[in-house]
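Remarks on the structure that follows.
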Amino acid sequence: MALVIFAVLSVACVGAVTAMILSQNQARNALFLVLAFSSLGGIFGLLDAPFAAAVQVLVYAGAIMVLFLFAVMMFNLRRPLPPEGKRLRTYLAAALALVLLAELVLAGRRVLAGGAAEAYPSGSAIADLGRLLFTDYLYAFEITSLLIVAALVGALALAGKTGGE
Amino acid sequence: MALMALAPLVAVVAGALAALLLEAFLKREGRGIAVAAAIIALCAAGFFIVRSWGLGLSYFGGRLSLDPLALLLMAVFAVLAALVILMSLVYAPRRGINLGELCGLLLFAVAGLMIMVSSSDWLVVFLGLEVLSVASYALAGLRRNDRASSEAAAKYFLMGSFAGAFFVFGLALVFGASGSLDLISGLAGAGAASGPPAAAVAGLGLIVIALFFKIAIAPFHMWAPDAYEGAPTPVTAFLTIGPKAAGFAVLLRAVSPLLDGGGAASALGPALSVAAAATMFWGNLAALRQKSVKRLLAYSAIAHSGYLLVAVVAGDAPGLVFYLISYLFMNVGAFGVLAALSGKGEEHVSFADLAGLGRRHPWLAAGLAAFLVSLAGFPPTAGFLAKFHVFSAAVAKGHILLVVAAVLASLVSVAYYLRVVVAMYMREPEAEAAFEREDPALWLVIFLCLFGVVQLGLWPGNLLVLIRQALPF
Amino acid sequence: MARYFWLIPLVPGASAFVLLLFGRRFSRRWVAWQASAAVFLSFALTVAALAKISAAGGGAAPLSKVLLSWIVSGAFSASVALTFDGLAAVMAAVVTGVGFLIHVYSAAYMAEDRAYSRYFAFLNLFTFFMLVLVLASDIVLMFVGWEGVGLCSYLLIGFWFDRPAAAAAGLKAFLVNRIGDAAFMVGVLFLLANVGSSSFAAINAAPGSGLLGPGPATLAAILLFVGATGKSAQIPLYVWLPDAMEGPTPVSALIHAATMVTAGVYMVCRLNGLFTASPAASSVVAWVGAVTAVYAATMALVQHDLKRVLAYSTISQIGYMFIGCGVGAYAAGMFHLLTHAFFKSLLFLAAGSVIHALGGEQDMRRMGGLRKRLPVTSFVFLIGALAVSGIPFLSGFFSKDAILTGAYAGGRYALYALGLAAAVLTAFYMFRLVYVAFYGAERTSPAPGAQSHEQPRAMTVPLIVLAVLSAVAGLIGLPALFGERANVIGRFLEGSFAAAAPHPAPSTEIALSLAATASALLGLGLAFLLYRRSPGIPARLAGRFPGIHRLLVRKYYVDEAYDAVIVRPLVRGAEAIYERFDLKVVDGALNGSAAAATRAGRGLNALQSGLVRDYALAFLLGAILFLGFLIL
Amino acid sequence: MIAPAAFFVLAVVLFVLGVIAFFVKKDLLTQFMAVEVMLNAGNLALLALAKASGRPDGQALVLFIITVAAAEAVIGLAIIVLIFRQRKSIRTDDLEDLKG
Amino acid sequence: MNTVAATPPLVSVVTFLPLAGAVVLIFIRGESARAVRAVALTVSLLTLAASLVLYGGFSGDSGLPEFVERASWLGRGLDYHVGVDGISLFLVLLAAFLTPLALLSSWKSVSDRVKEFSLFMLLLETGMIGVFVSLNLFLFYVFWEAMLIPMYFLIGIWGGRRRVYATMKFVLFTMFGSLLMLAAIFVLQAAHFRATGAYSLSIADLAATSLAPGLQTWLFLAFGLAFAIKVPLFPLHTWLPDAHVEAPTAGSVLLAAVLLKMGAYGFVRLGLPLFPQAAAAFAPALSILAVVGVVYGGLMALVQKDMKALVAYSSVSHMGLIMLALFSLGFEATEGALYQMLNHGISTGALFLCVGVLYERTQTRLIADYGGVAARMPVFAGVFLLAALSSAGLPGLNGFVGEILCFFGIFGANKALAALGVSTVVLSAAYLLRLYRRVMHGPLKDPADARFRDLDRRELAVLAPLVALMVVMGLFPGPILRKMDASVSRYIESLEAKPPLAPAIKGPDLTIRAQRPAAEPEP
């Protein structure tokens, strides 16, 4: 069963990204990604990471991508960009990306060779997670708040109405 | 007690918020106060850094540990930020840059830097890096009405996020392979006998790539010349030093312990050496024919990353820190002179603008010449001594060919540094470029840097002793 | 007074120094007086010292003094030390004596010249260096004098430096001499390395004591002799001397006839121990001398320039001296040096008198009949010509005879024959000169500044003194025929030479004298025939043998050959190397690498296209390489 | 049970697709979206590998990374807006004032 | 070695007095060229006086450095360690002697930015003297490199038409060598540390360290390259003609007279004693390069059209002879070479000053533009001739003393090379007197040309000391040679102490770890 779900979700995910690569329509691209990220949320669930899955769907697919969608519309980018001639570089990049694929798989091989180790019970995951966040990861957690503030300030400084004269 | 360890960081963040709020609420009149707040915050941070010296504070399971390397670099960042703020006092308003925003973002960036250098946890490093990045993107684009500035921000951002993804993937591999995110024990400890597992090394590789991006190591550096050139000059000074210092500190912590070991990490040393050599030559060769001195210095910054990487390869922490401090003075000084030349609004940093500067503004020209000579590594300047220590350590570790490459690369660099001097002293002025006279803060910056360059070159005395005693080599 | 013999060179030296620094502020009169007096003082000292050593038994008891420990470094040591022995005495007497006369002569001859003080300063300086050369007891110090006289020769040949020919001649003289000097220097180094000392005594003793084997001795001697061929204008380095006639005539008399050019002969005599030890080297010396004697004489046959004829004659006569040295008759060589100094300087000064009188005219074809206009000059010139031709009982006869006798007695018949041939030629060209210039019809065109009366006394008195000396000086070297003690100079020099010259039987000696006399008369007669009796013959001969004639007139094309074979290839080659190698290759390599770096930089700048995708591509490529490096 | 390897391979594929998308796309916004794909791939890899090695922290890390992505999105969109205001275009290749 | 002198720090005074003067110059306000010139000249004369005191106090008995000062500076063997021995003393004197003359010579010719000019001249003096007095390799390198900067400016600002090209070429080419030397210094430092466990860059300590032959080879090549470029040894001379032609007179004088000596001095002080076996192995090859340089430089000088280029190539030739003598590794030759270094400094300095005198009057350096100058400038003609003859090694003048000693030593080592080297006797006379003839002799180009005034008093004051030295050093070399003796013999011993390399040079071996002791001490 899980396998089927995994298969469906991964096909959806990969397919959506592929479609996004192939499509010229910006708005549709954003929607493809919403699909991809939502599927990914499902896959997170399969990995016994329900919280991550939820955050993925809500924050990523929901918030971030919607933001993108608005941006697309704001920039009026629905019409496709004219194709450009420098294809060779794209193919070269694709070829290089495939090499990267091989390397990354190769690198992960050793980790995966150990096989799955069911180390923690899935039930207590959320509670554990909460505890972790406020113990081991407290410092990191605080930093994220700093990060968000910094990003907001930066965004305001760059795109805000006021600011420089 | 954790508060004690957090104090510098807290001071900086508080300063950032204070500056932003004061700016936001007091508008024009608040500008001075905002700057003062930022400076005070930096001073406070400095104070706390000094207080923490020798205490060996470490909290959050090492995620925040104020070891000597961290403290030294945090001090460097504080000084750097202060100098950059002083540089901007007149420069920024003339270009429609909001000083409060600049100070705030700058302090956020400094906070990110401090987080990076004071942690031994990859996640915290990553978060610090992101704080730094987010603030840096904004800093680069602060001249909102300037196409180049925005372009710089956009390129920096796009490439930066691209690199960030590599960091994340690397994080995953490291975590998966070693089960730990500790910079040192995570890799070294996992397979004590045979070295770290290959997957972890690959993960580390991906992270290192992202760090290479940040510190502008070839061929991951290509964003740098554009971003450095487009960013406002004081920001450029910051970008060429701050992120670099932090990135190298992280590299030093994470990579140097692996270099002497065998196993899967055995290729790391040669890989770093090749990257270092490539960076030095790329940066220096590409700088040869530049028309803008600012862009030339951008390439020079890339080349200097190559030299700094030699220090990492040699595992020479004292050398690295000394180099960074020296580099701080000479580079801030050089950009300070460029800022002084930039007059009202427009940047005047082409060779033609500098022609005959030695006649028009002898002191400014002498200052820039001194900084360039130091960057080129002529004795008796700080730049020479810094190179001497780093290269000497590298040779002691057996990296002779790397050092030979380094000295040859610096030969190339002499050519373009001296080109600038040629323009200033050996050409007649073509046009009277505008020049900012009434900027005592900038003059102070230039003077301090000049002092630093000479002092560190001739008599680094206690600083050198301090660094050597504090840091292992 | 003889104790102060070391002042002999120093007095003219000091005078030169003063004149060089302050001469321009002195009056002409004072300059001339000071310079002449300095040389006279030297002469007086020389005579005193000569008297002293001659009283003490000739060369057996030389005076010597170390003035300064000069260059001392490790195994090398050279000191400023002077030795006054018989050999040096003869030479010093010539230098100071003839030198004094020429100083006096010059006072009048140069009276019109702007650079009067410079002239006398150089002349004094020359005397100084020549005396250093003569008195040095150390070969390194001799080299100082050797080069110093070369310098003065250069300065004086080019005295009228605004004349391009004079400047060029001076340069040529110096450079050709330098070539010889380079060889000389190698020879000196060779001796120093083998003998371990630079003193003449040690060098002369070295072959005997086994320090210097026959091979090295030969090599060293030949190298030194190459130096002598430069200084003494022998084949192959004689080419500078004819050109040197561009200098003032008194200079030609002093430097290029009487003293400097004979320094080579003096040097060989000084190092007779070395040369004697190497028969091969001696042979070289003798043969070069003999060939030069004939060769130079043939060129003198067709020259029209008064001084050039004398110059070739000088070359030829020095060849004679080298024959003497080469066959072991060193005393004869020195004897001829002495007599030659008298009669050749006489001839030059007389020629100078002619030139002076004719306002600078040197071409004998535009002279003629001078006998009447310049009686004294003509008379003394005739004496000189007779002396150089070896007409019996004049000085040249005895000295030349001594050399030829030496050659014959040593069994060197070929050399003897060449000497005899040279004697015929000498008499011929000298009397060609005499007949053309002094006899016959006047062909002079009145040149501006020409004077028709005889010269002032300052010029004629030296001429007369020299004429007397030329006539009678032979008497101090009478052949053995006249008794054991007749050869005064021979005995005087005995102490200076290691080996005595061979003596033939008295009957042979008479026969040889007669042969010499006959050859001189033959040459004289021919000259009379061709230039006095039927002056048309020479032109016809020239028409008959145009090749030979042109060859002689153009001096065997040796200047041209040297130019084509050595000078021009050297300069052209250097130019080619400069343009093709130095600028293109050596400089090009550097500029090329700079250009390569710049090109590389341009290439990298092109990569920096400004396009993010290119940056990302580089990033990706780097990432793959880096990862691949780590994983694989 | 699905092998973690499958998840990991999926992560790698997604990462590489993200890279390809970054090169194929020509405007800042979509290229940034491609980066988001890469980040997500990183998250997936993190979870997959964390599970493989039996660590509970994977989810926490993912949470942080999503936050980072959000922050980047904020600043990124601001920059894109800035560019758009200046140039009325967000074509990446138009950004070529700075080069050489 | 470390005898601490109780006397005042005379060497430091000599070294840093010009620097102090330069600092004073900075604070002279306004454009008062007179004051600047006066201060600069005074300072340089004081330096000369101090260096003469140094000479007077130098005993030269032991052959060891005297007036040694040593102080800890940067730690880890990077000490301040100075002193003079018989080898360096006279080079210090040479630098101190020529700087005031060079300053005085530019009194008129440099009127633009006089303050900067004087400043750089004084800085240059400190750099030059510093190189000679350093007893620590690091300090040596600091001065060696630092000295490039003032020279760079001197050529670049006050030079001729192609000054920028020339000065860049000079700096970059010189640095190419010295940077490789820097790398070699690191290796040497590491090797010394591994051998002894102590950090030291004291030259004496380093000389006492024995190095593996393979390592020595590489290090010698690196040091040798730096020095050979500076000398310059054929075929590394290409920077020299350009630098000389374009430099202002004062720059050319110091460049030729002192800077080139630094290369030769480097061989004597470092290149040969630190790596005696490699030096012995390479001496024949380098000798050949040197002798090629002798002939080549002479031939090139023969065909130059520019007076300064001619003198520059003559330097190539002369320095070739000096190197040839040094590589013959004998006492007399070394002493001769050292003496010849002084001679070359004086005579070539004088030649450049003479060219400067002409250039000041006509603004051209082309030989073809001159002719018959001697008629108008008799005193100058005499000085010029004397300088040329001194350069050509006329006996009785200084050049001969050095030359004969060099030849004596070279001859002892290799007769064929000596014979080739002697060709300089002919060549130097040829190119110098040919120059003299074309410039000074012949008819005046333009009889109405009023530019050729004879030397004025200032010019005479510049040239007279040089002329006097030419004569005095030619006649009385003793006072100089005697003070050299002990140091030179010590130097020769240091070369002979270690046996020469076995049969051939081994292949390159870069491992400095090979000789490390078992336990590796860490600081």
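Every chain is named by a letter (A, B, C, D and E) in the order it is written, and numbering of its residues begins at 1.
Criterion: contacts are C-beta pairs under 8 Å (C-beta built on N, C-alpha and C of every residue); 3 or more make two chains touch, one makes a residue touch a chain.
Note that this is a predicted model, so its numbers are computed, not measured.
Novice: Trace the shortest sequence of touching chains from chain A to chain E and report its length in steps.
Specialist: 2
Novice: Which chains are in contact with both chain A and chain B?
Specialist: C, D
Novice: From the C-alpha centres, identify the chain that is farthest from chain D.
Specialist: If we average the C-alpha coordinates per chain, C ends up farthest from chain D.
Novice: Could you name the chain whose CA centroid falls nearest to the centroid of all protein CA atoms?
Specialist: Here the chain at the core of the arrangement is E.
Novice: For the pairs A-C and B-C, output the one whose chains share more C-beta pairs in contact.
Specialist: Higher contact count goes to B-C.
Novice: Where the centre means the average of the CA atoms, what chain is farthest from chain A?
Specialist: Using the mean of the C-alpha atoms as each chain's centre, the farthest one from chain A is C.
Novice: As a quick test, compute the distance in whole Å between the mean CA positions of chain C and chain E.
Specialist: 38
Novice: How many angstrom lie between the CA centroids of chain D and chain E, rounded to a whole number?
Specialist: So the centroids are 63 Å from each other.
Novice: Distance between chain B and chain D based on Cα centroids, please, to the nearest Å.
Specialist: Their C-alpha centroids are separated by 26 Å.
Novice: Quick check on chain E: which residues sit in contact with 2+ other chains?
Specialist: Counting only residues that touch two or more other chains, chain E contributes 172.
Novice: Out of chain B, which residues touch more than one other chain, so two or more?
Specialist: Answer for chain B, listing residues that touch two or more other chains: 123, 127, 130, 134, 137-138, 141, 144-145, 153, 155, 158, 162, 166, 169, 173, 176-177, 198, 202, 225-226, 290, 415.
Novice: Among the residues of chain D, which are close enough to touch at least two other chains?
Specialist: 15, 18-19, 22-23, 31, 43, 45, 48-49, 52-55, 57-58, 64, 68, 71-72, 75, 78-80, 82, 92-93, 95, 97-100
Novice: Could you list each pair of chains that touch, in label order?
Specialist: Listed in label order, the chain pairs in contact are A-B, A-C, A-D, B-C, B-D, B-E, C-D, C-E.
Novice: Name, in rising order, each residue of chain D that touches chain A in their complex.
Specialist: 1-10, 12-21, 23-27, 29-30, 33, 36-37, 40, 43-45, 47-49, 51-60, 62-64, 66-75, 77-82, 84-85, 90-91, 93
Novice: Hey, which residues of chain E end up touching chain B in the complex?
Specialist: Touching chain B from chain E are residues 73-75, 113, 116, 138, 141-143, 145-146, 148-149, 152-153, 156-157, 163-164, 167-168, 171-172, 175-176, 179-180, 182-183, 186-187, 189-190, 193, 510-513, 523.
Novice: Over in the complex, which chain A residues touch chain D? Could you list them?
Specialist: Its residues touching chain D are 2-3, 6, 10, 13-14, 17-18, 20-21, 26, 29-30, 33, 36-37, 40, 43-44, 46-49, 51-52, 55-56, 59-60, 63-64, 67-68, 71-72, 74-75, 77, 81, 84, 89-90, 93-94, 97-98, 100-101, 104-105, 108, 111-112, 114-120, 125, 128-129, 132-133, 136-137, 140-141, 144, 147-148, 150-152, 154-156, 158-159.
Novice: Inside the complex, what are the residues of chain E that reach chain C?
Specialist: 169, 172-173, 235, 237-239, 296, 299-300, 302-304, 330-332, 335-336, 372, 374-375, 378, 382, 389, 394-396, 400-401, 404-405, 407-408, 411-412, 415, 418-419, 422-423, 425-426, 429-430, 433-434, 437, 440-444, 475-478, 481, 485
Novice: Which residues of chain D touch chain B once you look at their complex with the stated criterion?
Specialist: Spelled out, the residues of chain D in touch with chain B are 11, 15, 18, 22, 28, 31-32, 35, 38-39, 41-43, 45-46, 48-50, 52-55, 57-58, 61, 64-65, 68, 71-72, 75-76, 78-80, 82-83, 86-87, 92, 95, 97-100.
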